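Written out below as structure tokens is the structure these notes cover.
We call the chains A, B, C, D and E, going by the order they appear; numbering starts again at 1 in every chain.
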Amino acid sequence: MKIKRNTLLTLAGLALLVGAIAAADATLGRFSVRILNLSAIYIVLALSLNLLNGFTGLFSLGHAGFMAVGAYVSALLTMSPAQKDMNFFLEPIMPFLRDIQLPFPLALLAAGACAGLVAVVIGVPALRLRDDYLAIATLGFAEIIRVLITNAQSLTNGAQGLKAITKYSTTWVVWSVAALSVVFMLALVRSSYGRTMKAVRDDEVAAEAMGVNVFKVKSTSFVISSFMAGVGGALLGHMITTIDPKMFTLTLTFNILLIVVLGGNGSITGSVIGAIVVTVLMEALRFLDMPMNFLFIKTNGLPGLRMVIFSILLMIVVLYRQRGLMGNKEFDWDGFIGIFRRKGASSAGGRS
Amino acid sequence: SKAETKTDANVVKFGVFEPLTGANAAGGAEELDGVRLAQELYPTVTVGGKEYKIELAIADNKSDKVEAANAGQRLVDSDKVQVVLGSWGSGLSMAAGPVFKDAKIPAIGLSCTNPLVTKDNPFYFRVCFLDPFQGTVMANYAFKDVKARKAVIIREVSNDYSVGLAKFFADSFKSLTGDQGAILAELNYNTNDQDFSAQLTQVKSLKPDVIFAPGNYTESALIIKQARELGITAPFLGGDTWEIAEFINVGKQAVEGAVMSAFFDNDAPLTPLSKVFVESYQKKYGKLPSGTAVLGFDGYLLAIDAIKRADSVDPLKIRDAIAATKDFAGAAGYVTLDANGDPIKSAVIKEVKGGKFVFKTTVAP
Amino acid sequence: MISTRDVSMRFGGLTAVSDLNIEIQKNEIVGLIGPNGAGKTTAFNAITGVYRPTEGRVVFKGRDITGQKPHAITKLGIARTFQNIRLWTDMDVLENVLVACHLRMDVGVFASTLHLPGYRVKERRSREFAMSLLESVGLADQAREAATSLPYGKQRRLEIVRALATEPSLLLLDEPAAGMNPQESLELMDFIGSIRDRYDLTILLIEHHMQVVMGVCTRMYVLDYGVTIAHGTPDEIRRDPKVIEAYLGVD
Amino acid sequence: MLRIDDLSVHYGGIHALQGISFEVPEGKIVTLIGANGAGKSTTLKSVVGLVKPSGGSISLDGERVSGLATRDIVRRGVVLAPEGRRIFPDLSTEENLELGAFMRDDKVGVAADKKRMYALFPRLEERRKQKAGTLSGGEQQMLAVARALMSRPKLLMMDEPSLGLAPLIVKMIFDIVKAINAEGTTILLVEQNAKAALEIADFGYVLETGRITMSGPGRELLADDGVRRAYLGESL
Amino acid sequence: MELSTFFQQLTNALSLGSLYALIAIGYTMVYGILRLINFAHGDVFMLGAYFAFYAATSLAMPWWVAFIVAIGLTAIFGMGLERVAYRPLRDSPKISVMISAIGASFLIENVGIVVFGGRPKSFPSIPLFDTVLHLGPVSVLSVSLFIPVITAAILVALLWIVNGTKTGLAMRAVSTDLDAARLMAIDVNRTISLTFGIGSLLAGLGGIMWTMKYPQLNPLMGVMPGLKCFIAAVIGGIGNIPGAVLGGFLLGVLEIMIVAFLPELTGYRDAFAFVLLIVVLLVKPSGLLGKHQAVKV
């Protein structure tokens, strides 16, 4: 009975979402749509990092590296030979790569797969490391990937980056991938396998003793996460339509980490909310950089003020909501409906 | 008040799309200075007998590609600009390029020298010369004026500008000397590195006639300083990015004699406007202008010129007028745009002397 | 069932266990006692693969399992509890047990993420099994509570249940009665006996509560400074002067 | 010496202590017994300020100490040998003992006390330089007790000191408790080994789910049928 | 390679290494006590340089007074930072503290951009430090001779504080168990504050020495040295003070020698730092001198 009600509500919510996206795509300006779509990409990225950080307890700072792999693979696989020739004006591209051109969905999968493959080759040996050591090692891997991309002129065009990548990241594409990621994560986390991940997070020794192959679980989580990061990176590339190695620095990883923690480490709902809030907020605060005329205070535009305020807001959230907006809880209809019920109840005199 | 300006028919909006924070902030600020000065001098444009007020909409792209695309979109969408000026940093321009192209808003690059910026984008133009030209100019200088036969290149491998210049310098220098081994070594460093002693010790042992080291001014100044400390005496050549006060402040005594290509020189007026620019700049900012500031100035003027020629504030018509630019006289020389939207214009060569950038010569394309 | 052959475990210069030879038959309940720091927990760690023995072999059901990974050993049928409780703190009681059930479910990431029909059946069976286990220790009502909010005694029982969920044939219990009062210890004794019968188990038990060990074990080994100083039935042990001197003290 | 009035503690929604009152007179041994989760540890933690009470008061020698920082309470001579030992795993056995004497300034006295502890627990002397984290469970327990004694407390509170100890050592711990009490230290003891605790206690309290349900001299409680059935495991 | 070139490179390596070592010590100190990767360390480093700059230029103090003032200010700033950004999170999950550290780092950098301006400033030349010395075929900047001496002095001082004093014992106790430390009558807040003060002081000193060698200041100048020195600390075994020195030297030597012996690979110089890091970690998971933490179950 109850389950049925919730399923219905979920379906209704989904329909509403599809409708909202269609409406937004059709009516909102390109700017708003761009921000919206960027949020969707950040949802994918945040979920992928949350899988590691929040659900498997693996502290990784290497996400930008896997995103870079995905972005480059997909960009190079979808570009036409002519576009590649235009880009590689310093040194010609490797011949075999020049002539490959795949349809976007295949390239997107290849992007994820390559990121996953890189994770297997370089990341998995590092999984023996604990906490901070793992974090710093993954950070190292990301930097190595970036340095390799910078220096591999005839493969990646080096510092010149790639331009005129086809803009495949339309509203429907990015939101479908985001929705798919959410569903996938929910299904994974709530499955038996997902439980073993949480067990590894909480106490490795106990997990191992209860027959959980800790190394395998960690590796699986790491590879899945990297796959998603690769896909996210590819989407980002196809949205901005140009990429270069400087995009994929530690700052990018930090931004995603921030979304994860702000939303709630270990909460899928949190990552979704976090991604949207952070992306929108960054743009919403843009007015701070502009010349202002506030009653008596006049500024000539203080570039950087936006980032100052953003950093302060971030610190306030972390200081006052130490487990992020959602903690490690998930949205569910019972809780949601409960909020309204409680409101009614508290006015009737509940415990404060 | 925002809504009012939007409906005000007598306003044209220029978007200024620059990195005002982050790694490229200094460059962005330079260009913005030039644009602001131009606006102060020429605040209006007359179209069809009607006077339009020019407003600037400034968007910070934070030296970040993702942000750059957002900022560009914002200029187009929320600020509804008719023309865009900027950005310092070719990568940032490329990130927003498609946005302008989709919205059919013309953009004028100021100092973004990467050939890719305007490629495949009929809506992107620029008022500066390109990396290949600059690299070639410096190779010529090295060969003819320095009489160098062996060179070493030190490049900032993570910087497209530096890598591009290095490549074109190497190609020209090799063909000028007719010696495939004329480049003794290409040594690399990364953005934000501060210790170059290892590379420079290597350079010292190679005993080159000249060292070409295009790159960011801070790193470059440190490179030259450390080179002199190691006892390297060969002259240093670089590109337009060096022409900024900080280069001399950081490098001090050590950068004396460093030679660079530049867009413009205060002492060698290229057009009647040059003098106007230098004088009013000094009045407004109390210092000598840099090469990038003048490009901000010129970009703004080119936009006005195009509007006048189009006799319309319709972005599409402005675009066509920009594309047809011929012998436009800016403060930094005459601009004629080619089919790509790139200018054919001359470069200036300067040297640091007595703590100042001193004019050496002009090089025509 | 299980035997250790001259197992030794050294940490730097310290020999925590030396030449341990334990032999346990099916369905026996055997005690492992000795003063603090005698090497009992270390012996457990060597058997379950947490440590790799410096010397010697561990043979389980005729198979040499020395040096295998803990999870592989658990899969072969050895489960344990910890001296310091190690429950998964962010999970509820039922989930703690379900994780242990995963071992026998034999499903991979994809089957379980996609909720394939085969997986659904297994998941349902696991839940039923887990609930029946919880029922047997009176924890069924608290299945949805956070594991760490349980009082200490119940946490210990939950640890045992969790170990049982891996469907072991050999169960190693490290001080299951620690932190329980005498009354609770007695209940625990009965419980240990009953699970042995119900799940056809063999049990090796470390315990300092003499009442408990003497009550449930048929045989016991006594360690002191890593060395086995005695071995025999509870009555023999109780009277062994070496054991009295090193461990029990005179009453 | 220690007086607790209507003490109440909440953990989020859990009402762990629901207004308990009792007293620990100077020079006596008082014991708290009770089932798992009754609130014994919570009581001790509140006394040293590790848990902030939601109501009631705690006073020491007539002076209110609830609300003070742990450090200030400890400096007044109230020391807790906590549940779960809480030794410093990365430090050596010896450094752990020195930390016990952190607030003392008499170097000579500290050195002498260290010797005394090694005499009491020869095991610890054997493990002097070993990292405390690698000690066996029981060795860690000995260390926790010894560390608490190093501070020469006026009021020593011990939370299940016999947990995980071999029978011989358990006996010894209770002997030590008696001995230091005879030297003048007041003791508040929490124990699962209710029998041994009540035997040496001057006074005992029974805690049940956050309330005191019974109290009396140790011997009296030991003779009480309810106590014997519920906590001593004796079938009557 | 010519012998003179080799000796020059060796000098380069040692001088860079000792600078890395100096900064890595501060990192390791804070980590060792708080188990917190203090991402804002590099920014405190930057502040140290700026404080010294303004004291020496705007306030026209003699350079050594400016240095002392700047170092004092960074120490105070570090304690303030701890109070505002880390103390409220004392009992929170580690990752929240880490985010707070990253947030603090962003904040300091962005305020730095607004207050100091985004463009680099140049430190006035101090002849004592800014003189080129020629030792046979080798040239070296005089400041490079001071740095190892300072590093050694600090190493000794810190080892003494941490291992030889009661305060040090308190620091080490605090590093593992806050509540237990409180039970020992240790003033946890003061101890942590002090640790932060010392760590920041070292960062400030490092920042000043860095600008003596590379005389430019910008609000982001701490990022790269911060990262490099953090790596150095991890290579040596984070939390281990001699390890930080060892790691700093190793990293410096590796970076220089890669360029010296494999000049074609100069573009990969940064990658080698990380390769070294990863290789060390894979072989010794807690760094070269880091103690392997025994997990006792």
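Methods note: contacts are C-beta pairs under 8 Å (C-beta built on N, C-alpha and C of every residue); 3 or more make two chains touch, one makes a residue touch a chain.
Bear in mind the structure is a predicted one, so any value in this text is a computation, not a measurement.
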Both-way neighbours, i.e. chains that touch chain B and touch chain A: E
Relative to chain D, chain with the most remote C-alpha centre: B
Selected interface, C-D versus D-E, where C-beta contact pairs are more numerous: C-D
Inter-chain centre distance, chain C versus chain E - centres from mean C-alpha coordinates, in Å: 48
Chain B and chain D: spacing of chain centres that average the CA atoms, whole Å: 75
Distance from chain D to chain C - Cα centre to Cα centre, in angstrom: 30
Separation of mean Cα positions, chain E and chain B [Å, integer]: 36
For chain C, residues contacting two or more additional chains: 11, 41, 50, 82-84, 86
Junction residues of chain B - those touching two or more other chains: 20-21, 25, 29, 157, 188, 190
Multi-partner residues of chain D (each touching 2 or more other chains): 134
Of chain E, residues touching chain D in the complex: 166, 169-170, 172-173, 175-177, 179-188, 291, 293-294, 296
In the complex, chain C residues that touch chain D: 11, 14, 34-39, 41, 83-84, 149-154, 175, 178-186, 208, 210, 246-249
Of chain B, residues touching chain E in the complex: 20-23, 25-26, 29, 157, 185, 187-190, 192-195, 197-199, 201-202, 204-205, 218, 221-222, 225, 229-231, 246, 249-250, 252
Touching residues (chain side chain A, partner chain C) in the complex: 184, 187-188, 191-196, 198-199, 201-203, 205-214, 220, 224, 266, 328
Parts of chain A lying in touch with chain E, wherever the complex brings them together: 53, 59, 125-126, 128-133, 135-137, 139-141, 143-144, 147-148, 150-151, 205, 250, 254, 257-258, 261-262, 265, 302-305, 307-308, 310-312, 314-315, 318-319, 322-324
